[in-house]
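These are the structures, in structure tokens.
Okay, so chain A shows up in both of these, paired with chain B first and chain C after.
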Partner chain A sequence: MAQKRCSKGPGLSQGEDLAADEDYALTQSGSQVQRNLERLSPAQVDQKVSELVQYLLVKDQKKIPIKRADILKNVIKDYRGVYSEIIKRAGRILQQVFGLQLVEIDPKYHMYILVSNLPRLEVENLKQDDCTAKLGLLTVILSFLFMKGNAAKESAVWEMLRRLRVDPGVRHEVFGDVKKLVTEEFVRQKYLEYNRIPHTDPPEFEFQWGARAAKETSKMQILRFVAKIQSKDPKAWSTQYNEAAAEEAAVGGLSQDTSTHGDTGGASQGARRRTR
Partner chain B sequence: MSEDAGSSGDSRQDSEEEPGQGSERAKPDGDHTDRRMLRHQYRQLINKVQQNREDMLSSRSNSLTDALQEANKLFSGVSQAREAALDAQFLVLASNLGKEKANELHSEMTVFDSPAFAEDLLTFMGLNRLEGEENDSDDGSIASGFLPNNAWHKLGAEAERYFRRSPSFHYMLGSFKADPPVPRQRMERQKRRAGTEEKRAMPAQLKKMEESHQEATEKEVERILGLLQTYFKDDPNIPISFFDFVIDPSSFARTVENIFHVSFIIRDGFARIKLDQDKLPVIEPSHEDEGRENDPNAQVRNQAVISLSYQDWKDIVETFEITEPMIPPPGVSQENES
Partner chain C sequence: MATQMTDGHRRFLQVLMSHGIMEGSVARTLHRDCCEIHKVYYAHDKLDDFINVVNIHLQPFFMQIRKGMSEDDGRTYYALVNLAETEISKMASDYTENELELFRKTMDVIIISESGFASSTNILNLADQLRTKKMKKKEAEQVLQNLVQDKWLSERDGEYTLHTRCIMEMEQYILSNYQDLVRKCNICHSLAIQSQVCETCGIGMHLPCAGKYFKAQTEPHCPHCNEFWPHEIPEINRPDSQVPSSAPRERRRTSSSGTRRR
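And then the complex of A and B:
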């Protein structure tokens, strides 16, 4: 197993999945997986891998994290014995063919998301739909949360959004039921965390960044967004800048400037993981 | 600290380097060493502050305040210009430090101003402040102006540049939308619950109706008993024909009702029915003593079933030539005896 892991290319970012799988009762040791593999024809396994890739791509449309339990139930089925091998290969295909990274965002409940690993083209995105608009709203909320110290009361968030003519009690012409979008959809997608503040009566809620937000963007990126909107230098907010820089250093260049990250980002991440 | 050198060096005659001070009054002599001591302390303090510049500038330490307080204490002993000059020197140093400290504080305090952020966002989204919509709800805090339809899309397109969001593919011809199934079950359950609540309310209502009905029966029985007793009072010993008493020639239903009510009177022993010599039923009052007293224990229960068809009723009305009811319908005045 260990040997196998080393032999994989540096661009592969499956370390997380492998680590998480080790605690899973269904997954056997590397040698067991090997033995199970021998019992199946390569075509059968390849078929399962393709199915999984397709499944992940379709499920990703909704941007709701994909649970391992669902993968096992809907795709893997009788191939549980070689689950780790299948997800490893699916991850590799997603990486090599689609430039997507399969990331496990919740090691406890085993949830996966797909994150783009390719540098963005500096071309206007041709496809603009309501998802684009929703991302705009989300970015505003994430910016507000980060700038306000990584958490904010629900009332403060709405107060901010009301200035942008987004009111939880009023149907928005683009977003529809905004309250539902923010407190349910963004939360389900793991862009936001929405929790009750303890010991509040009547209950008050606060927002924080969700796990997906941390993977798809970074504090530094959001700070750059704010700086761009306000036509300022990101360093103007020194507290936030220091925090973002510290995060960047900790992640190890994973979220460099969008124009430069890519394969290098994936590689350095893979390298960091392997040293553990 | 607030005073300065000019106002203080005016109290003494001193010797060496005190020009223009000759006019002052002298103080005891030991005061010379005191002054030297004071100067020494001032120089020490100035030195200390210069050495610990970083510490003084730190926003987390109070050392600058401490130094100022110390200087204030020293100043209370100052009597002449020379010491006062030292005090002034310290003051210059301290105010320089203070200025630097304030500068640093300022640059660190660029706070996130969310109203300004919102304003800038609106500008970015293409808010046209001239082409104002109705300014009705705007209470000053919300910018007015026309916000184009694609405002959020424009912002979203910008936001995408800061995300590593995976592009999701879409079907070109129509689509299969992976909408979550509509939670139909919950709706049904709610409806059912509402239904049972209504049902639960029903028995309570019915019970109430029954009660009031029973009360009505009791009242009616009492009324009829009252009528019966008035008839008996008129002719105490003549039994009344049962048919004459209960039959209402105008209503079969009333007749049946009368029989029903009279049956209570019989059961309670206020009157009894027997056959006269023509084998026709008559109703007669029971004597006070025999009827009532042994009622609960000794009285034998007499039960009989009377059948009365619509035809029977018509025949009886004809045969006995009953033209008026002896029991007037409730609500009608009771003074119309036959």
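And then the complex of A and C:
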């Protein structure tokens, strides 16, 4: 999936600088963590856990993935010895109180996002925030990429958008600078990957799904969306259908929370969460 | 009363967080929808109890869903606020040192002004007096835009005031840090940023509170010193009607009549 690649993003170098430092925090065995825990008062640990919960919630508002290096630097500080315990408890609270799942989307640079655990729904009046339109645009792009075999050249994406009267070269009244929204904002939020195609001169770029898109929606939901628009059966696209069904089966084994809700608005619904 | 949190509560919380702040009637609709979706107990007049359950669970993390009033239109709003003024919450807000300083200075100007507004010219002039790091006008304009977007400030015709969400979150902070400068509304006794002030005794009232208080009086007098009230009496919007309403941001623009003639 998209996770294996790490597109150019801000702060990668920082991640590398701190990598050694971070790994120290994680190399501790369970019994070491237990011993470290005994040296701290429960109140001290609780305090750190709630600071972390707050930090993750505030950071997630911007939908930019949260780096473990930043968590350690800004929140954990002297509590590195019990990091694994703190993040475990914070994850539990996010689940129990907020219905959010803390997901590591990039095992190499240890980046986290929060994803809703609640079933996605087609309830129109729940989505009233300003970003709905943007996420509609995103859903269209994700659909296009999936139907084109999970990747498409930048020029093909612009061409498709132009046919929908969204011209990346012209300021759009809702989206503003479309090119910036698609190639920067969606990429930073990990909805899309945007990479140079190797050995192209002049350079050409292609889009793929980003890790957040894979978490917040699924291939099957996107396929159902496309099928609904075209009034067809999803099985009419056998390649895509088989791929989506395979993904569903794989994910279904791990979690049962979202995959059974066959609503077509899934992408924008799931993606809608906590945007401004 | 049940104190168990359900998925209905969790969904309510998630949607509220995505909005930042939510008007009362919107929150009531959301309450109903969340209960229906998750098939949990619903009573239309029990929104505050429902929120209370969430608050019990939020308390250990110094967060709370708070109910407040908009100074613009007098409507009730709900917002998730952070109760701990810790280093973390400041740092996590994604603003740099000098941006925060500009915000603090803007807040000073807003609070010191009687009207509760600071003009953009005024704020932009602060940008090159910052101690931490000076800011170009262009940068300051961008910061102001971000502050409006993040609901710290709200803007009307080039003038800035504190956003309802900001007041709800920072009320205690403002009351303790601006003790002698800041006013409390003589009617509802909470912090008043935008207010009408008695020219004789100096008490202040929120515009919606003044509107409600003077509604029935043909000749308005100060509730404190009984002198003639020299201000135009603000019109009150239907407070908290059940009519579904548009997004709060749009509504605020339209309710400005008689705000600032000082």
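One rule holds for everything that comes next: the second predicted complex is superposed on the first by the 219 of 276 C-alpha atoms of A that agree within 3 Å, B and C clash if a C-alpha of one lies under 4 Å from a C-alpha of the other, contacts with A are read in each partner's own complex, and residues count from 1 in each chain.
Here is the rule we go by: contacts are C-beta pairs under 8 Å (C-beta built on N, C-alpha and C of every residue); 3 or more make two chains touch, one makes a residue touch a chain.
As the structure is a prediction and not an experimental result, all values here were calculated from the model.
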item	value
First (chain B), second (chain C), both or neither touched by A:46	second
Partner chain(s) touched by A:138 [first = chain B, second = chain C, both, neither]	first
Dominant contact partner of chain A by residue count, chain C or chain B	B
Which superposed partner A:62 touches (first chain B, second chain C, both, neither)	both
Which superposed partner A:224 touches (first chain B, second chain C, both, neither)	first
Chain B versus chain C as contact partner of A:31, first or second or both or neither	neither
Which of chain B and chain C A:96 touches, first, second, both or neither	second
Common interface residues of chain A - those touching chain B in one complex and chain C in the other	57-59, 61-62, 98, 100, 116-117, 125, 128
Chain C residues touching chain A - in the complex, by the definition given at the top	5, 7, 10-11, 13-15, 17-20, 26, 29-30, 33, 37, 57-58, 60-63, 82, 84, 86, 88-89, 91-94, 149-150, 247
Touching residues on chain A, where the partner in the complex is chain C	46, 50-51, 53-55, 57-59, 61-62, 74-75, 93, 96-100, 116-118, 121, 123, 125-126, 128-130, 272-276
Touching residues (chain side chain B, partner chain A) in the complex	107-108, 110-112, 114-122, 124-125, 141-143, 147, 149-150, 152-170, 178
Touch list for chain A against partner chain B, complex	57-63, 98, 100, 114-117, 120, 124-125, 127-128, 131-140, 143-144, 147-148, 160, 162-165, 173-175, 215-217, 221-222, 224-226, 228-231, 236-240, 255, 258, 261
